[in-house]
Amino acid sequence: MLHFDTDYMEGAHPAVMNRLMETNLEQTVGYGNDAYTAEAKRKIKKACGLPEEARVHFLVGGTQTNATVIDALLARHEGVLAAETAHINVHESGAIEASGHKVLVLPHQEGKLKAEDVKHYIDEFYRDETYEHMVAPGMVYISQPTEYGTTYTLAELKALSTVCHEAHIPLYMDGARLGYALAAEGNDVTLPDIARLCDVFYIGGTKVGALFGEAVVAAHPDRLPHFFPLIKQHGALLAKGRLQGVQFDTLFTDGLYEKLGRHAIRLAMKLKEAFRAKGYEIHIDSPTNQQFFRLPNEQIDRLAHYATFELWGPRGTESTVVRFVTSWATREEAVDELISHL
Amino acid sequence: MLHFDTDYMEGAHPAVMNRLMETNLEQTVGYGNDAYTAEAKRKIKKACGLPEEARVHFLVGGTQTNATVIDALLARHEGVLAAETAHINVHESGAIEASGHKVLVLPHQEGKLKAEDVKHYIDEFYRDETYEHMVAPGMVYISQPTEYGTTYTLAELKALSTVCHEAHIPLYMDGARLGYALAAEGNDVTLPDIARLCDVFYIGGTKVGALFGEAVVAAHPDRLPHFFPLIKQHGALLAKGRLQGVQFDTLFTDGLYEKLGRHAIRLAMKLKEAFRAKGYEIHIDSPTNQQFFRLPNEQIDRLAHYATFELWGPRGTESTVVRFVTSWATREEAVDELISHL
Amino acid sequence: MLHFDTDYMEGAHPAVMNRLMETNLEQTVGYGNDAYTAEAKRKIKKACGLPEEARVHFLVGGTQTNATVIDALLARHEGVLAAETAHINVHESGAIEASGHKVLVLPHQEGKLKAEDVKHYIDEFYRDETYEHMVAPGMVYISQPTEYGTTYTLAELKALSTVCHEAHIPLYMDGARLGYALAAEGNDVTLPDIARLCDVFYIGGTKVGALFGEAVVAAHPDRLPHFFPLIKQHGALLAKGRLQGVQFDTLFTDGLYEKLGRHAIRLAMKLKEAFRAKGYEIHIDSPTNQQFFRLPNEQIDRLAHYATFELWGPRGTESTVVRFVTSWATREEAVDELISHL
Amino acid sequence: MLHFDTDYMEGAHPAVMNRLMETNLEQTVGYGNDAYTAEAKRKIKKACGLPEEARVHFLVGGTQTNATVIDALLARHEGVLAAETAHINVHESGAIEASGHKVLVLPHQEGKLKAEDVKHYIDEFYRDETYEHMVAPGMVYISQPTEYGTTYTLAELKALSTVCHEAHIPLYMDGARLGYALAAEGNDVTLPDIARLCDVFYIGGTKVGALFGEAVVAAHPDRLPHFFPLIKQHGALLAKGRLQGVQFDTLFTDGLYEKLGRHAIRLAMKLKEAFRAKGYEIHIDSPTNQQFFRLPNEQIDRLAHYATFELWGPRGTESTVVRFVTSWATREEAVDELISHL
């Protein structure tokens, strides 16, 4: 059976595992104060074009990272602006609200926020005479790529950044699958662009080659004050902090992170072209590792003999949208075999 | 200048004030353990057709009451279903989220939830294979009347109650302006109906004759376990609890609460008919004390010389929706004078 | 039966009630944006020797005020230093923790914190290498008078203020019974002293002549940023804000607040001297309106025929500490009658 | 340089790492729904003498596990009873309070709670007439071993369990270092004892052979209702849940978990005997892997040339308490070399 359900079905890239094995019995101090972590931070800052005084913090998983960063960025009377489809609004079991903050929802276009919608929301908010009885928009959350596999262009990201900075609120990017956005077809947004335009963002490891781990990056050292105790308070501090250090050090050595992204994208595009060539409907023309097709139900049932994949929403009467996901670990033979069954 | 901004512009009904004066220097124990509070609870249960073992609790204000009751009714992994326009979703500064709970928004019809939309949401929720990663619908919040002055009919309330009970989640009614719904034109919902169909509801005092105070009612004594410490924890416990006791005792003596409602409704209907007779557009055909008209901007500017009232949303280019509110305290002469200026 | 249980057994001082009656049917805007509230704020600032740009906010009750102010003053990783006996640590049903903050307890001397203990705690905290895994001391909470009726001297208050300012953390004073401290025997601390030495404090109305209401004062306008939505979020915003305005305007006219304090203190001292003269043990030599005596159990049982009062802790085998409380409302005849029974 | 700072300085036991390597590229579903996790749960239940319907959940780290379990076990008006020295009270950056719960502190004896102190607290609490204004004791937290390396005997654990069950509150055990307690000198408490006497407990992996991971065990399936979404809400859910499955499967195969414990204890005892033989003061006679000695400062300075270890509290004027920690990974040669320098 082939598996295209999601991008966290395997462990870590062999280079990462080997490095964990090599360093396994070394003794280091805890909580990320070790040399591996320092080196990983150095490499990430370099890849982001950031100076030494920028800040990198390692957390364990995505929901946790979103909850911790958002809690750090918001004052008590503020909420976070996000697309209605945002992971924090739908699939994090209320972790944002459990920290006391409201998610202020905006419409989306295939998962993306538009700068003008953000601006309009903020403008209208402060024009309302009762605004002090309402939750103030205190930051903007986006993800790159989005839940729909789509990506922001550099122009779109600049526009969002401008709106946020004019409103004096931070822009935060969830990069759970960032490696796949950086390698996406037609992508014109680099890590240094993101580091310059977003106040805080994270580089996802869990879905891009690591066993687990997310790297939170803030260009300005004062953007996340007292973030260490907040990481601890949110239960996001790993005793053996060097585990993320070793993993991200490996991922950011010799361009491995970029290579993993490119691999997944190449296979995703191959898959998309094959579906397209067979005449199937591309539901969302995603340039990243998540591909959405509308398939006749009989075709879904037939493919289910060879592969696992997700229905994207409830099953329709005649056809249904499905999602196929590739990753750094996807084997080309698996893709070819799947294609042979289309 | 005449004032039709809202229904909390005066103090309390003279009968309430007189009773506060008469009892002012009496000494009673604190926190609602006094005889006035006991008597008020007795009268409220009687008016609701509830047996002695039902529970009544007095809190101070509406936002506070909503936050406390919702916190009491929800488990940590649950959220509250409410109309997008609900007070808890828009105008409570994030009080629900500050207690850790998400507001799960549903579409509305002039402020009202439809039972079938609630049912659909719950059904779809549990059909989603990832539902354990999402906030579970743990209760339903409605208000009677709604933010738009509209009211649920008995049939609609029964339908909501049935959906909730089949889903094993409580139905909660915010009755900040309940007196005005009970007296509304065409209303077929009585206090005993509400007490039977809603698991918890509150009878608003602040906007209906009291200086302040809201009476939370739960038919089943086990519905709000340990509610007293939760009231205290939410900062909603008044040291001089007898103040609400005296006020609600007065409001529920000789049908005063109903009388106050009828007074406001009669004047609201008079106002509506006058606007209608003058050819103005009724924006929402509200049967309660809030009336919404669409007026030409020049008419708004002209009326502003005689009366204060609220714009309902941003000013339009040619016309704008406005809200006029009557209350237990509105003088008939004020309404007549306003009408003379139409 | 005479009642010396506590200082919130009556309603409001007649002057306050009269003013509420006189203004009852006036129409004002809500949420404290009315002229009475403005005037009350002006008078309070004047009494505190503060300039116009200082801030005064009105809330409803004490627990609520503590929870809201502490939530406003603390960052998420910080806790509040307080005496083990502090109201916030013992008698607020966990309202501080419900907002996410830890109470960091310090030893006390008859309810009072010592500046050197605060300094020692802070010094030791930052000397601990693991301090980022611990809750940082983010503010100091004191009450004047304390739970034991004792008061800080000007020198003690200055010392606390100095320690806090050197540590860059705010000093907050709970003044639920502040009127009784200002009038206490031997008191050398004035309202302007408090306003100068505490970053934030509140002047209690509930226990000193008002029906309810507490006035939060901050000398620096930036000390409580965005406090209005936080008041709302904590359910502490009264729709009819003018109720506190009218009450505090009255209390701060012609020195009424001070007079009420002096009345209660004079009677408390008369009571203390009578107990002392009869040979009873003064348990705490309180200069304020709460008096603590150790009485033989048979004497307690005998007095219980004439008066109500509180046992201070569990009943002992032979004798027990009891508390008698006077207030602005205590009648001299009641005190005399009680004394006649000693 | 030798390192005796703590027990999380290395990665994982080689058998665990090998198993992670072997399974690395296998594809499994996420969030712990895989076969490895199922097998690990089966083995843990068996080791605990629990039937199939018992519940095991895997989380990532200790602070996170404590915060999530305590949040699940407490109602909003309740707090958790714990020793003043408890990890949750001191070293978790306020994670318990951040979830809204107060830690109710009790005195301790070398880190341990006494059943009679728990009983006394609960009895006194409900004897206090104002108890509804206070935080109710809703559960008891203990750790085995404690922060001081001490352990509860079976009799002590039974006594605590009895007190809790009579008070109808759950007993929860933090087993971050449980493997070292099970192997402790003179220990008479087995895993089945713990599973029977504690309502919930966790078996620590991070400090006992795993890279990370803690296994929460509840004998009764209804004890932690809706725990899955709460794990997610607390950011404690690992996408690649099988990582903990593989690790705990390995640890609970062929008695590895017990072996690792015994190894650490044997070396800890060897170390203690060597210090004792050299005439040094045993500060706490710990039977587990943490050893506490009082050493002259010059001896500390001398040893610091050969080994790292922690000062236990501030440095004294002449001597200071120090902590040496062994683990599953400690090499006997390292212990011998340290002893040679005493």
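Lettered A, B, C and D in written order, each chain numbered from 1.
Quick note on the criterion: a residue touches a chain if its C-beta (ideal position, glycine included) is under 8 Å from a C-beta of that chain, and two chains touch if they have at least 3 such contacts.
Since the model is a prediction, treat every value here as computed from it, not as a measurement.
Asks: Taking each chain's centre as the mean of its C-alpha atoms, give the chain farthest from chain B.
Replies: Most distant chain from chain B: D.
Asks: Consider the two chain pairs A-C and C-D; indicate the one with the greater count of contacting C-beta pairs.
Replies: Of the two interfaces, C-D and A-C, more C-beta pairs touch across C-D.
Asks: Approximately how many whole Å separate the CA-defined centres of chain A and chain D?
Replies: Computed from C-alpha means, the inter-chain centre distance equals 33 Å.
Asks: In whole angstrom, what separates the CA-based centres of chain C and chain D?
Replies: From the centre of chain C to the centre of chain D is 42 Å.
Asks: Between chain A and chain C, tell me the centre distance in angstrom, where each centre is the average of that chain's C-alpha atoms.
Replies: One centre to the other, that is 50 Å.
Asks: List, in ascending order, every residue of chain A touching at least 2 other chains.
Replies: In chain A, residues 76-77, 92-94, 98-100, 132-135, 229-230, 232-233 touch at least two other chains, as defined above.
Asks: Taking chains as nodes and touches as edges, what kind of graph is this: line, ring, star, complete or other?
Replies: complete
Asks: Hey, which residues of chain D end up touching chain C in the complex?
Replies: Listed in rising order, the residues of chain D that touch chain C are 76-77, 79, 90-94, 97-103, 105, 124, 127, 130, 132-135, 314.
Asks: Hey, which residues of chain A end up touching chain D in the complex?
Replies: Going through chain A, the ones touching chain D are 3, 5-6, 8-12, 14, 17, 20-21, 23-30, 60-65, 67-68, 92-95, 98-99, 206-207, 211-212, 229-230, 232-240, 243, 329.
Asks: What does chain B use to touch chain D in their complex?
Replies: 71-72, 75-77, 100, 132-136, 225-226, 228-230, 232-233
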